[in-house]
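Notes follow once the structure below has been shown.
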């Protein structure tokens, strides 16, 4: 999966990310939207709101609530994914919501709701990172004020080597996965998960790769939001 | 984007327009929106399509599974068609179990394709009584500005016509193109402002009444009809719609066949 | 299934319907009810209301809402039908409700609900037609004002011949099915579905059979509502 | 038909009646309503019955399926009994998943039949360890004017006693009559106006308290008891009910046996 | 299972019950709680309330409502019990609630709710009796006024002999089961079920065993509530 | 027991305490509550544990089932870990389908145990491709006074380390001790009053912000991380927590290993 010179099967170096494209306004009926491709991942995110939160019991007197739904379309995976309730999707929705609530200025919209729908229409590895990153672009496209964008990226380990942004083949043999959600201006975190086996030193290397990649991806996000070509 | 919050005002506005034979977006009564059809755009699907009709955007994806044939039809595979409209597609669509609307969407499209006989279920058999292909067509709405029915049907038949049977991945031979012998096309008509129009937008649907869906096959044979929502229509109104559908489906069929 | 003289296996001509009986008042605790047998189909329909619509969010300020539930009893079919949610029943309920809302004078009962329960206790072919027709009789039995009754009947095709009101054996070999919901006084439609393969000419013939049968069935409905013997 | 909307008034009215040893419909304390029992009335069921007790009407249908016997009981078939009370049967019954009430109805009837041993599950075996009959008894309410329990139990045992095992349809031999060796009968008592009465109507149930269900077999053996709802009763009250049940079930058993 | 002298396999006489221990205050965050072991049964019951009943539609103007949930933990049985909806648990919850509503002075707490959670963490035979008995101790521990405690105990029949309080092995061969819920001070009943086959005479014997055992168990309950050692 | 009903007051109280480097129950910032760990306390489970941390009490039970290995891993058994927090454990836990919180609890504990590789799934194979053991670890909350995560993880690994494979009951050989080669330990930190603390109580959770869960293995290797709830933290804050977790997990591992 990785040769003696640190070159990966798809030609990337250990710290390199897969190709990314970002486009806004892709769901015409939404208040904000984003289409992000990342390797052969493709996420489409729509933002609706701020709008009235109902039923009333979900309203908060002093702030808006987010309603984040992450979902994988049935044709997004090699084996068809059955529609309907799914523990993994529920959990990814929750961590994504927690991350976004950390940056959206919720107190500007008391008693209202902002709905964020993340649809993975093509899945490779790292869909939760694509979804979270694209969601922060869609929120910006909808004009929702945030303290910062969120860039999400994961590093991992293959063949005992720490590398950034595993693709599907690498992920099949991955020995660890460390996705992070980073505020690119402050370097602070709003999202963190990790599975696998990393020594304390490997952990630090993976952390650094993510931080560096976040700066790179952030540039593409800003370009897309400024109407530039992100390719 | 704003949906009018006073449906009564919208209804009366649509009635006024209808009196002048006009529509809310300037189209003629039988005029469709700008159409864009693409295929093979989803890397994980064995067949796929994207249809854009104005601000309505949908995807269709085809996947295959190995099934055991039903005991009473040992030489046949299966076709399953399922439609999902998730909250991504519009502010009025909610999450949760499939709504009656999305169930109806799936079934109406399914019927038109199935009844046309465009897929020969006998050809899906791998080993009689043991293994056959199940073709699963998933219709998925990205942006709902009305008339998801026609968009789903068009994306569905396009995705099927461009699907590859993944025999290698399932270790049952070499990949080959799914055989689709016909091109059933659906046309939908909504009563808006008192008269039927073709290809209604979301606002026309919101301020309108019943709708009629017609699927015609290559030879203008009728394969599926469905009247939706509350409303009364006459035999003469239906004849006018049917005549329009015959004309319209021929044009759309040419577009799909030539992709 | 049909001989050279157009005579069907059960002795009917192409345009003939199966035997029908209609009885009202069969659910004593309901506000209106109807038992209809049609071939070996049997439907029992109960109407409750107009009554308060709750929860309040289903209320309409300017009209009544209908709540139609079509259901097949577990012993109504050759293979036992498992109780519970069922896509087909959901869809039949919806089209039946749409048809009935077209004729009931809903605006007479603002904020109220009329509940219509259609139970198929014995199923042959054409249960949705039996259910819709019996429901309109039950509504009349409950004294709910309507612009007209609804007669529902289906024609189809067997062995390339268009015939009216397929029985079970014919339905097994049926090549098309065109159920309609007809207002017998005006000849207008409130319900229309079709599956199968019909040329434009065959379609017109099937349509005509349905229109003619509707007049015949309408007479039986009126007799039953007038207390006459419908047999 | 109207259900009183002031349950407190209904309760006090029922108490007044009880003091005069009267009931709301003029019956005596231990008197049942007019009873009508029919069998073999559902063409698709292998056994069926219709019971009418006053304005309470129920159906019972028996269906058969082939099952694989449980590994620990390779020579036995199965009996399943399920009750459904859908909105058709009364304005207070709602749609949705089975309510606690309808679950209880099914289980109480099931127990009485099962525990009486009237169906010999060994006789349901077709091929030991491989195939056996599963008997499914579905109880279905048409009109609920109270005491669905007794109506269901009576319809259930009647349908079973008139059921034909559809061996031909399943290609495992010739059709034959299901063997039902006993006739368990349920009697239900409700506390209304302070004292227990037999065969309560819906209004008596609404304005009453706890209920007691007793199933007795051919020899007066007790097969099933159930106390339902909030309420306290004494040993003496129970003895009085049991004595009445012994007398009552004998009469009802004769009716069923002679059908 | 039982020898000629009426001695059972575990050494008990026909009318003897299995060993019982009762402890209160075992769920520190609850308002009242009880842990009861009975043979190798173990139930843990927590009581919360009286507290506000919501949603409002469950409120009663003139009394409190009980909300009783009986549940078996997944590791409580020999074969793992799958979590989630379960008809038997639903039914046991209902009969337990009916029994407890008969003794709790509900009218003291209008519009409020008392929640009673019964968790069977180890199941032998007779879990519904353990749950109901422990629940009445937990209610007393929470200081909820009741007209009396409830003692629940079952007798049954093995090898044609009526015996009290069947253990697991006996239950496997049990020919009848008569659980009762008894108010120990008045001898009245709030709960009664029975399955199986008992002649009228056997039935009377089983009834008597239950009445006698209830008095014995009642003593242990009172001791536990008075802080004494119930062992 | 009373939960403060004015979360804002609680938050400001916790902030005041934090300024004085104090906690609501008098503990130091990195101090855990009194801990009690017992094993083999559930007679029906093949392995079990009870953990008490202050007023937080949980149970863990291990059960075994025979499974058919997945076709692509014919030599492997399985491990499943599921957490339930039912209404018994606190007034804010409600009945119904598993809440997002309890799903997260189960998954976070599951990951730490699974990723540590402490259970050799190859050793669970009975007959390759045909039969293997599925180990099911059920975590069950009795009393929730905060930090169910660490209590569940500790009870879980303790129950596994004391589990017996019930081969005799399933007639596949003699019973033997489940082999658990490592002792992964989770430590959880909550932001309370602006700074992170270890082992938060329910009141600290209620008035606090985000939490971070770390599972470390025998050699301080990281096996699982999870940040929960809304909140922003810096790299420096994380380093401080990780250093504390290294120290803390070593102590807890010793306790579990010596049971």
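As written, the chains take the letters A, B, C, D, E and F, and residue 1 is the first residue of each chain.
The rule we apply is simple: a contact is a pair of C-beta atoms (placed from the backbone, for glycine too) under 8 Å apart; a residue touches a chain by one contact, two chains touch by 3 or more.
The structure presented is a predicted model; accordingly, all values stated were derived computationally and were not measured.
Peer 1: State which chains count as neighbours of chain B and simultaneously of chain C.
Peer 2: Where chain B and chain C might share a partner, there is none at all.
Peer 1: CA centre of chain B versus CA centre of chain F: separation in Å?
Peer 2: The computed centroid separation for chain B versus chain F comes out at 49 Å.
Peer 1: Suppose each chain is reduced to the average of its Cα coordinates; what separation in Å results between chain A and chain D?
Peer 2: 58
Peer 1: How big is the gap, in whole Å, between where the Cα atoms of chain D centre and where those of chain E centre?
Peer 2: So the centroids are 27 Å from each other.
Peer 1: How many angstrom lie between the centres of chain A and chain B, each centre taken as the mean Cα position?
Peer 2: Using C-alpha averages as centres, the distance is 32 Å.
Peer 1: What is the shape of the graph in which nodes denote protein chains and edges denote touching chain pairs (line, ring, star, complete, other)?
Peer 2: ring
Peer 1: Follow the ring of contacts from chain A in the direction of chain F and write out the chains one by one.
Peer 2: Here the ring, read from chain A toward chain F, comes out as A, F, E, D, C, B.
Peer 1: For a test of understanding, state which residues of chain E touch chain D in their complex under the given definition.
Peer 2: So the residues of chain E in touch with chain D come to 87, 90-91, 94-95, 98, 101-103, 178, 183, 186-200, 203, 207.
Peer 1: For the complex, give me every residue of chain C touching chain D.
Peer 2: It comes out as residues 26-31, 40, 42, 44-46, 48, 51, 69, 71, 73-80, 83-84, 115, 117-119, 121-123.
Peer 1: In their shared complex, at which residues does chain B touch chain C?
Peer 2: 100, 103-104, 107, 111, 115-117, 210, 212, 217, 219-235, 238, 242, 246
Peer 1: In the complex of these two chains, what residues of chain D are touching chain C?
Peer 2: 1, 42-45, 48, 55, 57, 59, 61-63, 65, 82, 84, 86-91, 95, 97-98, 136, 138, 140, 142-145, 169, 202
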